[in-house]
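Report on one structure; see the data block that follows.
Order of writing sets the chain letters: A, B, C and D. Residues in each chain are counted from 1.
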Amino acid sequence: MSKFDGLMERSARAVAQRTSRRSVLAGISRLLFGAALLPVLPVARAAEGGYPGVGKQESGIDGDPGDPTSCDYWRYCAIDGFLCSCCGGTANACPPGTEMSPITWIGSCLNPADQKHYIVSYNDCCGKTSCGRCLCNRNEGDKPVYRPQSNNDINWCLGTESTIYTCSTASIIGVATD
Amino acid sequence: MSKFDGLMERSARAVAQRTSRRSVLAGISRLLFGAALLPVLPVARAAEGGYPGVGKQESGIDGDPGDPTSCDYWRYCAIDGFLCSCCGGTANACPPGTEMSPITWIGSCLNPADQKHYIVSYNDCCGKTSCGRCLCNRNEGDKPVYRPQSNNDINWCLGTESTIYTCSTASIIGVATD
Amino acid sequence: MINKLAIVVAGLVLAQAALPEIPIERIPNVAKLPAEYPETWLFAADANFHALIAGKIIIVDIAADIHEYKGAIGAAQFATFMESSTRNELYVGETFYSRGTVGERTDVVTIYDKATLEKTGEVVLPKKNRGLFVTNKYAMQLVDKDRFLLVYNFTPASSVSIIDIAAKQLLNEIALPGCSMIYPTGERGFSSLCGDGSMVSIQFDKQGRQTSKNLTEPFFSVDDDPIFDKPTYIGKTAYFVSYKARIYPVDLSTAQPKPLPMWSLVSAAEEAQNWRPSGWQIITDDNKDTLYVIMHPDAFDGSHKSGGEHIWVANTDSRKVVRRFQPEDAAFSLEFVSGKSPMLAVTNVNMWLDVYAEDGALLRTMSLGDSAMPLALHSKR
Amino acid sequence: MINKLAIVVAGLVLAQAALPEIPIERIPNVAKLPAEYPETWLFAADANFHALIAGKIIIVDIAADIHEYKGAIGAAQFATFMESSTRNELYVGETFYSRGTVGERTDVVTIYDKATLEKTGEVVLPKKNRGLFVTNKYAMQLVDKDRFLLVYNFTPASSVSIIDIAAKQLLNEIALPGCSMIYPTGERGFSSLCGDGSMVSIQFDKQGRQTSKNLTEPFFSVDDDPIFDKPTYIGKTAYFVSYKARIYPVDLSTAQPKPLPMWSLVSAAEEAQNWRPSGWQIITDDNKDTLYVIMHPDAFDGSHKSGGEHIWVANTDSRKVVRRFQPEDAAFSLEFVSGKSPMLAVTNVNMWLDVYAEDGALLRTMSLGDSAMPLALHSKR
């Protein structure tokens, strides 16, 4: 019985440790006991601009305010997907090694700096697996799929070598005239 | 300006709504602002037996105590992966449509009911994508890869039609004699 | 003290001696399912945004507190799903690349046996033009007593592939310029919604050849109040709901779609408060006369896919909202599930599956996986 | 009041009028990387347990507070990774199935250009016997000034494939019964750890033919105190750490591995408190004389892969622990990164990437993705 007793004892101690140590607990929750993948995002932080663990950016363009790694960046008013600026690209550039889709959907977003509505082209970047950073879904002006040019539920990795979706960009292609 | 004013106003109201409504907030956190995938698991609950949103089970075998959907079930002392009992199988059966690996690693776990050490075979189930439920990693007696029969870092989907790992089982194959 | 301990230990040893050893267990051992599933089973389509090539269809029994997760089958890259009601088969429309995310593309409908969840066949779609959308039931449908499987293609040129799924044979592809999705219609056909707010309707013969084509006038305004592209069917009438909470029933029992009178879920006061539908699979029904719609107040441009804290219950005869309730967590997608005690399956905005009784009581909450995103829910057909 | 508002509005209008319109932006537009990466860049291998076929290698600049995420390349199904130090190339050992999770298997080493992250070639492994492990650096290694890429195979029969990666050509496969992993050794060769606690060492010629085979005596006890299979190299000496915190250096500079004297990280008192290493990539070094090891007290059988709340710093000359610090969150894997200001990259137990200065100060925390599991970290070679 002695061997078993020892094991029982160690096991009991292990449980005690688990319930008393914050950081190893976290490890246990994640890998030993298989918890969820990330702590829940403090929503306020996200809403106020940005994702935890993602460096804030600026576009560097005059009159283009806000943080391109934040879901509330003005250009993203109709975006749906991972923000390429968090994935090795920028607000209007695909990450290295992906291909920018030539066809896509179009939104119209209000630039708070000049109060103008700009036409924004939401080109998907394609050919590598989902980026997994900065998932953002906003739907201003989004229409159902029977109006495809205004729909963001479509995988717009079309006309590309691979239809695999990586992340989404938002490029200025004009100013709304209405 | 009136159109823009209206938009601004709606947008301001939207933000106010976001910060005042718990459940839509959650929606925004998840899909609009792309938060993490699941609330963090309360570790205590996991440690005390079971994963949230997973129905507790019993093996139905005499002298086999505990919950096979819980990481602390005694048979799982050296398991690494998703528990098949959470995936459409049981502690010793693969989910439908997967194939049980014929070769695997072996652990020795103490059954608290009879205080005997049982030899446990941790056969992986293979051929469908990761189950994604009840990730559990325990390592009693686990040795590095140069002792493969005692190692759980190896993908044991070997000798199967597909090496794709789905989940892990724990079958009794004997009683330890030492 | 030592004596006491000795007695306890002796007692334990005796108790243990009484227990039989656990017998050796059979290897290999793979679970099976019944060939016909109970009506409380549900198919949840996990789009898996974080790894789109590894989506899956998860089979759960929403009436079960134990062994509720029945199994899963793969559903890669914006997959579609249908359950046959006439054969013990499941169908997944999916897309693969020879090197995971690059290389040669293969579009295919994969066929599974319901009891074993083993792949029993596939139908390759050689034009590789399968439409890729965030999970939408109406991108693939079965018609004519489930003999024909229809796959919607989008490149962005749109068309519908007609598969004799009983014969596992691709028959034909019908072009559908400017129109979208597949709404089963008539004896052997389908309708699609077009960009001008009209509907086109096609019937075909057993060889997949088009036999009729009918159009409707535009019956809603795409610009002012578009209807969501995910209706719910009561019998052969499809109930579409619009962004502004109007119900547009369309009689699809014959080759010519018949838009029926529109009615509204909201009163003038509610409309002023911007009560509107919001979510993904936002409408379902009890197969009789009741609609369930996810609603939220204070809607704004772009809030139509956020999910809602309210579920409204409307009667299709009286055309009135008869009940409203607040689910525990905001709803994102919902599906009515028949049975002795009908239930409402709800994917909440945190991507957990909540199960409600008809009266709105929360029965149970299920996790379908740490990273599962069960956007579409399919009840037994 | 109205006047005041009018002035404010007029002011805004004036201010806005002064702003030039944002110019139209170029489409398509794809970012590029430098052909040679700065030394602060790190490769993080996301095994992606929740979708193993969609793992990836993530490239991050751990010195950056902005644009820290540089890009990613696919790494499917228990993939392996190596960066070339002599060519501007990255190598991924991976496995695909023609239908995602089933069908025909293809094992391959995929070659990427560092500047474009575009695939520039591949070497197919026709025997389809690539070893599949939770991410382990030593399942694939480069030797002989990175001309030869070695891939460890396991079926469970073990062998090593020798690829002339400059020529993109598979040369040979050397059987390795009972031994495991690839530890670069000598001029053109490797060693492997065997199940009895010994090491076998192979040298080969430029055609991949074995030229020598040397064995050591067992130099540690697999049963009593096994060494972790993930050492760290200082020059040509591999530092293995054991479950009980002993350091086993092995001189691998020649064809004959030379186990050097073992020493311990723990005092007798610490050993009594069960201070032991725990985590995944548990040991790293500064390329000079300093080892970093993830440690935890109160260890028990099975706690060696849980991660630890402590990082111990030891000197290889004095064979003493010179410093101990507690990271903000418990560490799971770590990697020393050289540069003007050397840093320690740490995957914490919540799977965030923490970056510490040499003095233990937390510099920044990075998310590598909502479901990323960056188990292995590779610094620039």
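Odds and ends about this structure:
As a working rule, a residue touches a chain if its C-beta (ideal position, glycine included) is under 8 Å from a C-beta of that chain, and two chains touch if they have at least 3 such contacts.
Only a predicted model underlies this, so the values are computations on that prediction, with no experimental measurement involved.
Note on interfaces B-D and A-D: more C-beta pairs are in contact across A-D. Among the other chains, the CA centroid farthest from that of chain C is the one of D.
In this assembly, the C-alpha centroid of chain A lies 25 Å from the C-alpha centroid of chain C.
Each of the following residues of chain A touches two or more other chains: 1, 7, 11, 26, 28, 31-32, 34-39, 51, 115, 128-130, 132, 135, 137-138. Under the contact definition stated at the top, the residues of chain D that touch 2 or more other chains are 50-54, 74, 100-102, 119, 301-303, 305-306, 369-371. The touching residues of chain D, when paired with chain C in their complex, are 48, 50-54, 74, 76, 94, 96, 98-102, 106, 108, 110, 119, 122, 369-371. Chain C makes touch with chain A in their complex at residues 9, 13, 49-53, 77-78, 95, 97, 100-103, 105, 131-134, 136, 154-156, 179-181, 192-195, 222, 226-229, 301-306, 370-371.
Chain B meets chain D in the complex at residues 1, 34-37, 77-78, 80, 103, 127-130, 132, 135, 137-148, 153-155, 157-158, 161-165.
Per the touch definition, chain B reaches chain C in the complex via residues 7, 10-11, 13-14, 17, 21, 23-24, 26-28, 30-32, 37-39, 51-57, 61-64, 86-90, 92-102, 111, 113-116, 118, 121, 123, 125, 128-133, 135, 169, 171-175.
By the touch criterion stated above, chain D contacts chain A in their complex at residues 12, 16, 19-33, 50, 54, 56, 59, 64-74, 112, 115-119, 296, 298, 300-303, 305-309, 329-330, 332, 348-353, 365-373.
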